């Protein structure tokens, strides 16, 4: 029996991040059912995620968003993030927040590339988290970045 | 049987945003009952929204507000937004926060126009959300802005 | 049978805001019982408000405070405000936060005048909120400010 | 039968604030039992305070801390303060936060003096709060500062 | 019968902080069972910590992370910290947040040294907290810093 992954996305985002996540799930070859929930903006994501868990039986949720450049947008993003953490604690289930900030890209092409890589990679992380708490352990402490080049590991020797 | 939409508005706002939301609901032609709740300012909206859900049976709430320009106003707006997210998680129901910030408009005419468009468009979004979780999906990832020109979609091709 | 209004005030404030609120209640001619709770500073107000609801049966609470000018004071005020919203959501009852910031006045005379007007006007608002959710609706969207001149309404015509 | 006061302190603080609070309690001549809880830093205080209430039966808690000068320290202090308010609301009991910020003193001697006065005065406030909600009312609105000179009252006349 | 310590770490961190914590636990000679949980980044730590308590029976949790330099990273770190405090209050158990910020080190060697010392020292603190609430009291008020030189005590004399 497979997993059920909830994906919430927004009208505000400028890239169809849902399609990227859906692609990653299909590429994984896993037996996964997808439930989608579309809302206007990132602040609407927390309750949508909660409903995906409670009313649609999802095991994990991907919260896709693309906050704007202005300081008011930063605040919205912060409020959304707090809400997404709160939902995780209410449900004891993971939500992977996959936000691409409009001001982290140098142009539209770069924005698309960050969105593509971050969404794809975090969707793969989500599938790993469903399998167990040490599924990602071999990648721990290695400076891994989703959507950008990895920062790399600094080796510690006893 | 129709829906029941709660609308909370404030004395602080400089535009009668309730009238705009009410107009949008009437224009929709849907069978919708409106419950209004007026409070002094945006920080009073969260508990008003909660009471609209619990004591008046609303299915969704529109939280209308117009925060000021000063840094203290930004903080009030932030606190209100956090509270509105918390209420959504308590109730497992959406609240659409429709805030127009006094400093995002260049003059009073512009302020009125932003207030009119944002309130009207988000009221339509609220009605869509009542109908189902994918009702807005065809508008997802398209850079849609309420109260301003859309940012537009950046097309992703596999 | 009348209402019961809780009033919490602080040692930190430089004006006896309780006396102003109490005056407004007496002037209203309403049958209202007042319960007072004095704490050191604004961060002590949330739990005091909760106790006024739960242990003293208040129907609404006025939270009176006068935060300082420093950035640490701004943070205290923010934390207090968040707590006051949380109490409202726990109790499903309004708390009107009546804060006068020491840096919004140009001198002590001005501070006193802001404190007097804001406390008086919000106390009247609190009495209105006790009567019903549309009691303040005729004042909605009119740019009303407590403690300062009103910003005024910008008329919207269909 | 006397009161039980919980005192949590930190390894991070540079002054033995516990000893000052303990001195104030002894000086009060009241029948008070003290329970101490020491944690590494201010962010560990909220759960320590909760445990002092729930596992050790305290009636009130003093949360002693000395946040650092850096912006990261400010954030830690803010997070601790939010947690301390949350514990108060969970328990319906007061926690007096007695924080001395390393950057509010001009030198070590000044830091010690602020720590001594603030801790001592707030410990006395805590004992007053245990006795009743209007025990501090005669000091309300008088601009009282713990650890610094009072700001003083601005008299309001009807 | 020994203790069970949960350790959550991240893929984002550039140092294998888990190995350092595990080393400190082994060095302690105590009878301690370790449960590991690896997540992508610091915002995923709160729910992982909650699951370590509820699903794996841990007595205390170490939350290991290495937030980035950008303002967005600071916000992530803040959100994670708030969530970690919330989990502590839900569980009435300590989580020691062991975060090393990428911008507090002058180079990679320094980063490694801070990570090593802070992780090691806080792991020892965690073991002490498991033994009792005054286990750390002899170190209180002494200006102790994990990962850096101690600030030192300022002696108070009655």
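Letters A, B, C, D and E mark the chains in the order given here, with residues in each chain numbered from 1 onward.
Please note the rule applied: contacts are C-beta pairs under 8 Å (C-beta built on N, C-alpha and C of every residue); 3 or more make two chains touch, one makes a residue touch a chain.
These figures come from a predicted structure and were not determined experimentally.
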Mapping chain B onto chain D via their CA atoms needs a rotation, nearest 5 degrees, of 145
Taking shared numbers over all numbers used, above half giving same and below half different, the chain B and chain C interface sides are different
Averaging C-alpha coordinates per chain, one finds the centres of chain A and chain B separated by a number of Å equal to 25
Whole-angstrom distance, CA centroid of chain A to CA centroid of chain D, is 41
Two or more other chains are touched by the chain A residues 82, 86
Contact graph of the chains (line, ring, star, complete, other): ring
Ring membership in sequence, chain B leading and chain C after it, reads B, C, D, E, A
Counting only contacts in the complex, chain B reaches chain A at residues 74, 77-78, 81-82, 85-86, 88-89, 92-97, 101, 104, 122, 125, 129, 133-137, 139-146, 151-156, 158
Within their complex, chain D touches chain E through residues 9-20, 23, 35-40, 43-44, 46-48, 50-52, 54-56, 72, 75-76, 79-80, 82-83, 86-87, 90, 108, 111-112, 115-116
